[in-house]
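Each structure below appears as structure tokens.
Note that chain A is present in both complexes that follow, paired respectively with chain B and with chain C.
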Partner chain A sequence: MTEQITFAALAIILVGSALAVVLSKNLFHAVLWLALALTGTAGVFLLLDAEFLAAVQLLLYAGGIITIVVFAIVVTERLIGERLTQTNMRIGGGALISLVLLGFIVNVLRKSPLPAARPEMSVDLTRVLGELVLTRYVLPFELLAVLMLAGMLGAIYFARPED
Partner chain B sequence: MPSWLLLLLVPFVVLNVVIGMVTYVTLLERKFAARMQSRIGPYRVGPHGLLQPIADALKLMMKEDIVPDAADRTVYNLAPIVFLIPCMLIFATIPFAPGLGVGDVNIGILFFLAVSAMEIVGLFMAGWGSNNKYALLSAMRAVNQIISYDLPFIFAALIPVLLTGSLKLGDIAAAQQGSLLKWFILYPVIGQLAFVMFIVSTLAAENRVPFDILEAESELVAGFRVEYSGMKFALIQLGEYAHMIGSSFLGALLFLGAWSGPGPEYLGPLWFLLKAMFVFLLVTWIRWSFVRIRVDQILALSWKALLPATLMLLISTAVVVVWRTGGF
Partner chain C sequence: MGLEPYLFLSATVFCIGLFGVMTRRNTIGILLGIELMMNAVNINLVAFARYTAMAAGFVFTVFTICITVTEAALGLAIVILLFRVRRTVMADHLDLLKG
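After this line comes the complex of A and B, so read on.
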């Protein structure tokens, strides 16, 4: 019962803040709503006993990504010299696309029946996760690292002083 | 006692103890700083100035609450609360003695790091919502600094995790019990280097001198909190000091053996508190001894020295751990 109530509360927060992200005109407010939405996602992870994912969600998304977005807003605003506002001119098209996506997800969920109860977690999930990443999934893990390295090199290339 | 009552009572007690500690830690810092500069410090209110924090709190409560005309009202008013919440949440996973704490979860240290990374949101809300150029500049510097010092801080804190093999703070503390030599700060070479790096990145995370560019009095007045007065100012100060105390407890737990010490077991929390205060005074000592360094020097120190150094140390620790457990 408590689980349902918590999930409902989290869902309201999540959907509400996600809507506020796209609907608020003030770009800075949109970022703050995004921070709330990402924190709410961490709450959902926590509800599913995925503590490690919840902590990483907070650390990387709510902490890191928000910082970088805020940084980008401030820097670009200074370059343009005026307050940035978010426009909602294509709200109809956006609503249509999200409705189609929703229908798609509902369709998929209906075709694959979900278990009624969550299987009990008997092992230390964090430890298992760490072991799997470094044994069975070591190749994708390393490939991701290479991808990040390429991204960083690209960023440094663009940021280099003009000569 | 029913378990749900205990569930409410323990966080309530911890929260209030932290708030009480914050008020008196300010006095400790002022007295300590005064002694370093051959002054007496607060002395008039109560014996040896012991009631000074109470007087300060009363004064802040009675001050007028001012909201600037041009401020973004909602963001401005919410900022101190959003800033305070993560600063208080960091105490949630710290065990003050074996089994004594709010919740010693199995990702304890990760929770601490994740929640303290959230502080930047409140800080930026304060800087932006004030609509003041000093506050905004300060918030931008904060973003710069926090991006740069988050990683060294995490890597330095991960070294005791590697040595223990657990993310649970209770396990990390338990691994250092028994003798003085088990404290991770006395682990040959790795321990001392990691402790120094931890202290340096803690200083940066707490925005203390020599890394206090975001409140640099001479250029930015008081940084992101320049427009705040009264209780909102007090909340921000409370958050900052709570974060400092939390980091001190973390440092004492990760490197100084937490509650290990001579005497019977019930003295454990006292030893832990004394060690945390030692870390706090170490940070204060640095604060009152060094000068502020420039923004570019701070960033260079992080990216060119501290980050590679902590990474190297982390890798060498991993090698040592594998070697000692007979992995090769």
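After this line comes the complex of A and C, so read on.
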């Protein structure tokens, strides 16, 4: 019963803040709503017994991405010298396509057989994750490190000061 | 509680993100929509991994989170670069490749 109530609260926070992200007129407010949505997702991860992933979510997403986005907004706003407002275009068409897609997904989910209860997990998930990443998935893990390094180098190169 | 509510939640968030990507005119706003969509995918991955009790799904989620963060950093770097060249971040004005 507690699980249902927690899930309902998290779902309301998540859907509400997601709507605010795409509808808010002020770009800065949209980013703050996104921070709330990402934190809500971390809560969903906690509800799914994935404590490590919730921590990663908070550190990388809610910490990292929000900082980068706020930084980008501040830089572009300062250079323009005026407030960045943002408007939505073709709201009707966009809403129609999104709703049709949502209806399609819900329809498929209703027809497919899904597990009704979660199996017991006796092992410590963080421990298993660490072992898997350094044994079976060590090559993808290293490739991921190279990808992140290349991405960061590229980002620094793109955003270098003009000479 | 079954798997279904989690999948419905993630589908809803995904569609809201899609709506943002399609209707926002500011490039940074479009990136925020993409972040929402990626986030929905992560919820899906974790939910499926938990309900099938397969730890590989969680490992996969770590990968997607890291790749998403890299993508966001690069995307915003491109936005800043575009802004420097074109003095705008509105997607309508970024028609450099239009023939």
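Please note the rule applied: the second predicted complex is superposed on the first by the 148 of 163 C-alpha atoms of A that agree within 3 Å, B and C clash if a C-alpha of one lies under 4 Å from a C-alpha of the other, contacts with A are read in each partner's own complex, and residues count from 1 in each chain.
As a working rule, a contact is a pair of C-beta atoms (placed from the backbone, for glycine too) under 8 Å apart; a residue touches a chain by one contact, two chains touch by 3 or more.
None of these values were measured; they are calculated from a predicted model.
Model built by superposing both complexes on chain A: chain B and chain C fit together without a clash.
When both complexes are overlaid on chain A, the residue A:35 reaches chain B alone and has no touch with chain C.
By the document's definition of touching, both partners, chain B and chain C, reach A:64.
By the document's definition of touching, neither partner reaches A:138: not chain B, not chain C.
Of the two partner chains, neither chain B nor chain C is touched by A:153.
Applying the stated contact rule after C-alpha superposition, one finds that A:4 touches chain C and leaves chain B untouched.
With both complexes placed on chain A, chain A has more residues touched by C than by the other of chain B and chain C.
Of the two partner chains, chain B and chain C are each touched by A:56.
With both structures placed on the common chain, the touch criterion links A:12 to neither chain B nor chain C.
Shortest separation of chain B and chain C in the overlay equals 13 Å (C-alpha atoms, whole Å). Within chain A, the residues touching chain B in one complex and chain C in the other are 52, 56-57, 64, 68, 71.
Taken in their complex, chain A has these residues touching chain C: 3-4, 7, 11, 14-15, 18-19, 21-22, 27, 30-31, 34, 37-38, 41, 44-45, 48-50, 52-53, 56-57, 60-61, 64-65, 68-69, 71-73, 75-76, 79-80, 84, 86-91, 93-95, 97-99, 101-102, 105-106, 109, 114-121, 123, 125, 128-129, 132-133, 137, 140, 144, 147-148, 151-152, 154-156, 158-159, 162.
Interface residues of chain B facing chain A in the complex, by the touch rule stated above, are 72, 75, 105-107, 110-111, 113-115, 117-118, 120-121, 124-125, 128, 136, 140, 143-144, 146-147, 150, 167.
Residues of chain C touching chain A in their complex: 1-9, 11-20, 22-26, 28-29, 31-33, 35-36, 39, 42-43, 46-47, 49-53, 55-56, 58-59, 61-63, 65-74, 76-81, 83-84, 87, 89.
On the chain A side of its complex with chain B, the touching residues are 26, 28-29, 32, 35, 39, 51-52, 55-59, 62-64, 66-68, 70-71, 74, 124, 126.
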